[in-house]
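Please find the structures below.
One chain, chain A, appears in both complexes that follow, with chain B as partner in the first and chain C in the second.
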Partner chain A sequence: MNRLSAPTSISVNILDRPIGGRGSRSTSEQTVSLSMFSYLYSEIVQYHQNRVDSISELERKLEATGYGVGLRVLELLTFRTKDYTRETSLMNMLQFVSTTAWKSLFGKAADSLERSIDHADEYMIVDYAPITSTFVSVPADFGGLSVDAYISGMIGGMLDGAGFPARVTAHSVALEDVVLPPRKEKAVFLVKFAASVLERDAHLS
Partner chain B sequence: MVFLHLFVVNRSGGLIHHRHLSNKAPKIGTNEWLRIGSTFHSLHAIAAEASPVRLPGGKNSNDGIEEMVTGGMVLRSFQTRTGIKFVLTAEPQTPDLGQVLKEIYVLYTECVLKDPFYELEMPIRSELFVHAVDALVERVQNAVSISPTKHR
Partner chain C sequence: MASKSWSPTYLANQLWAKQPKANAELFALTYGALVAELVRDLETNDKIQAELDRMGHSMGIRSVEEFLAKASLEPQSQTAVTCSQFKDTSDVLKMALKMFLGITTEAGVQEDSHFSIQFAENPLSLFVELPPDRSDLEYSQLLCGYVRGMLEMLQFDVTVTMAQSVLRGDEVNEMRVDLNQVLQAGAGDDYQEE
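Let's turn to the complex of A and B:
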């Protein structure tokens, strides 16, 4: 097989290499500071907040911001796997998102991947400490806003890019056993696949 | 040996946060708190001006009141580089007030400044900040009551 090697040695443009990863193998130099991300994300939320009329519109905006990131991350991760494999079955794709992609984005796998009991086309990815809401306190009058909508946008982008169109929404769910700190809410990303995806998957398996 | 109150004053003297840290703390109304906040801000500024010793290069030009000790309580103030003052009151001889203030400052930078719904100089309403301060106070209080103290 003809294998392309990543052009690490000839990359001169900062956009061609991971932030901080100046050819170094150490983890601390290949990761981005959580503080830096939080300040940047905080600004993104404030930017959109001043340009929307409703809470749900703000969530849509955050999703749209994440969507493009999802598409690009999928492209990058596919490129990095040695044989350019692409997931074709629904379960494998969800596994890919909640483990491989999650690890590369957040340094850990998602806490769980569950299938909805009531609806066959709905799946849930659960994360107990999503980085988008680490330092965020949503005011009471923002009723039910989930600032993790950015991540749901990324999931949507990844699934769409891989040919699994789905509607992904983020929800903050209060934890039952309140063991403070660090968190009292978990993020649930509800993935609702389009009917065509399930039909195709049924044919394949 | 318990903490009584915490209040935070912004750089123009407005009170942006206040809460009592134990049941022993005297009940003070919000209007009184606003008055205390701005009065302390003014006294702090006067104290900085009145300071007779000036280090070369104006190194201590931001000094103001750092500590006030009375028979019934001790007040400790910490001013950040951006002019926000964190003030903690406690019963006399409570140790580590300065350290606790610095940790509260860290919590402020984490939970408040990184919150997209917080506007600078405005009142702090962050739930995370309140919970984190409570957890910190509880931790310090327990550590103090377990370890034998020199003062008794």
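Let's turn to the complex of A and C:
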């Protein structure tokens, strides 16, 4: 235990260090405060906001930031499974994203995973309280900006990394008759798969 | 009657336990994505560090409010922390770093006009190794700006630098805080009450 908490010597290459998880570090060491994350994310949004001309451009920027994170998260989670499995069927992959990945990133599974009735290639991952917009209120003149675009970028990165290219967009949907939780909006991540993905999935199943 | 007083470490752990948490890996990856973005946009190390420092500064300014609201450091509370001298500030700073980042820090140098804080684990650089062409980038400059922002809200004008960094090959991370001057409390001269 002492050996683990000792400062990492530089002679150890980053690839030779343990990747954590599975009890090699205690849970308390694997968290920072939610406020620290929110402050950091707020700075990221502000940084991009100063460098773009339109709301949709801002969302694209946040998505691009999340995309790289998604790729890395997928890799990290895959390495932590015992047998390095990768999901090959569409439903299993979506389940992986909305439960396994969601739990490890946000501490809980996504609130629901839905299939679009109108379009066979569209799925929706719904979260009532995503951490990227917990402390955010979007001004009225920001025309439906969804600051959860960062998460949609991450979903896109994870799906793409696993061989399921898809267009993922984040939408804030107003909730009517709110009972619980006390929020006015929920985040809906709309996943639209490329035609090739559906074709392959039809072959496989 | 002497009221019971708690050690700063105990208080810091209490504060940390009450904080809502976020995954440290998500935090580290998010910060990494930001730095990568800055590297693409700004190119030179000086500009990147200046931007990170500015971001940390505004994060620090916001954190102070949350810290003061939650930590209740008034003399009548059960606190053993009073900052009669600048170097005592390091105790409170250690509490704040524990509360927000969950890291346990050790006091390094303790002088009248400067002190240093050491920590083995840096949540910002969880998966990081600097490439050879960026080996002199101060990756954790955000933390320096963060501490500078917090202390500025407490009327201390300070300069914060990373004296040692594990990423650059040192044994431990060490942040050095130099006091430039104590700012005057209250509004400036040109402020006039109605």
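To be clear about the criterion, the second predicted complex is superposed on the first by the 173 of 205 C-alpha atoms of A that agree within 3 Å, B and C clash if a C-alpha of one lies under 4 Å from a C-alpha of the other, contacts with A are read in each partner's own complex, and residues count from 1 in each chain.
Following the convention adopted for this analysis, a residue touches a chain if its C-beta (ideal position, glycine included) is under 8 Å from a C-beta of that chain, and two chains touch if they have at least 3 such contacts.
Bear in mind that the values here come from a model prediction, so they are computed numbers and not experimental data.
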{"item": "Which superposed partner A:L105 touches (first chain B, second chain C, both, neither)", "value": "second"}
{"item": "Which partner reaches more residues of chain A (counting touched residues only), chain B or chain C", "value": "C"}
{"item": "Partner chain(s) touched by A:V73 [first = chain B, second = chain C, both, neither]", "value": "second"}
{"item": "Touching partner for A:V138 - first (chain B), second (chain C), both, neither", "value": "first"}
{"item": "Which superposed partner A:T65 touches (first chain B, second chain C, both, neither)", "value": "second"}
{"item": "Which superposed partner A:S35 touches (first chain B, second chain C, both, neither)", "value": "both"}
{"item": "Which superposed partner A:V147 touches (first chain B, second chain C, both, neither)", "value": "first"}
{"item": "Which of chain B and chain C A:Q49 touches, first, second, both or neither", "value": "first"}
{"item": "Intersection of chain A interface sets (partners chain B, chain C)", "value": "35, 38-39, 41, 43-44"}
{"item": "Footprint of chain A on chain C - complex, ascending", "value": "16, 19-27, 29-34, 36-37, 41, 51, 55, 58-59, 62-63, 66, 99-102, 120-121, 123, 127-129, 142, 166, 169-172"}
{"item": "Touch list for chain A against partner chain C, complex", "value": "5-10, 13-14, 20, 28-41, 43-44, 47, 51, 65-66, 68-69, 72-73, 76, 104-107, 131, 150"}
{"item": "Complex contacts: residues of chain A adjacent to chain B", "value": "35, 38-39, 41-46, 49, 134-139, 142, 147, 180-181, 184"}
{"item": "Parts of chain B lying in touch with chain A, wherever the complex brings them together", "value": "110-111, 114-117, 125-129, 131-132, 135"}
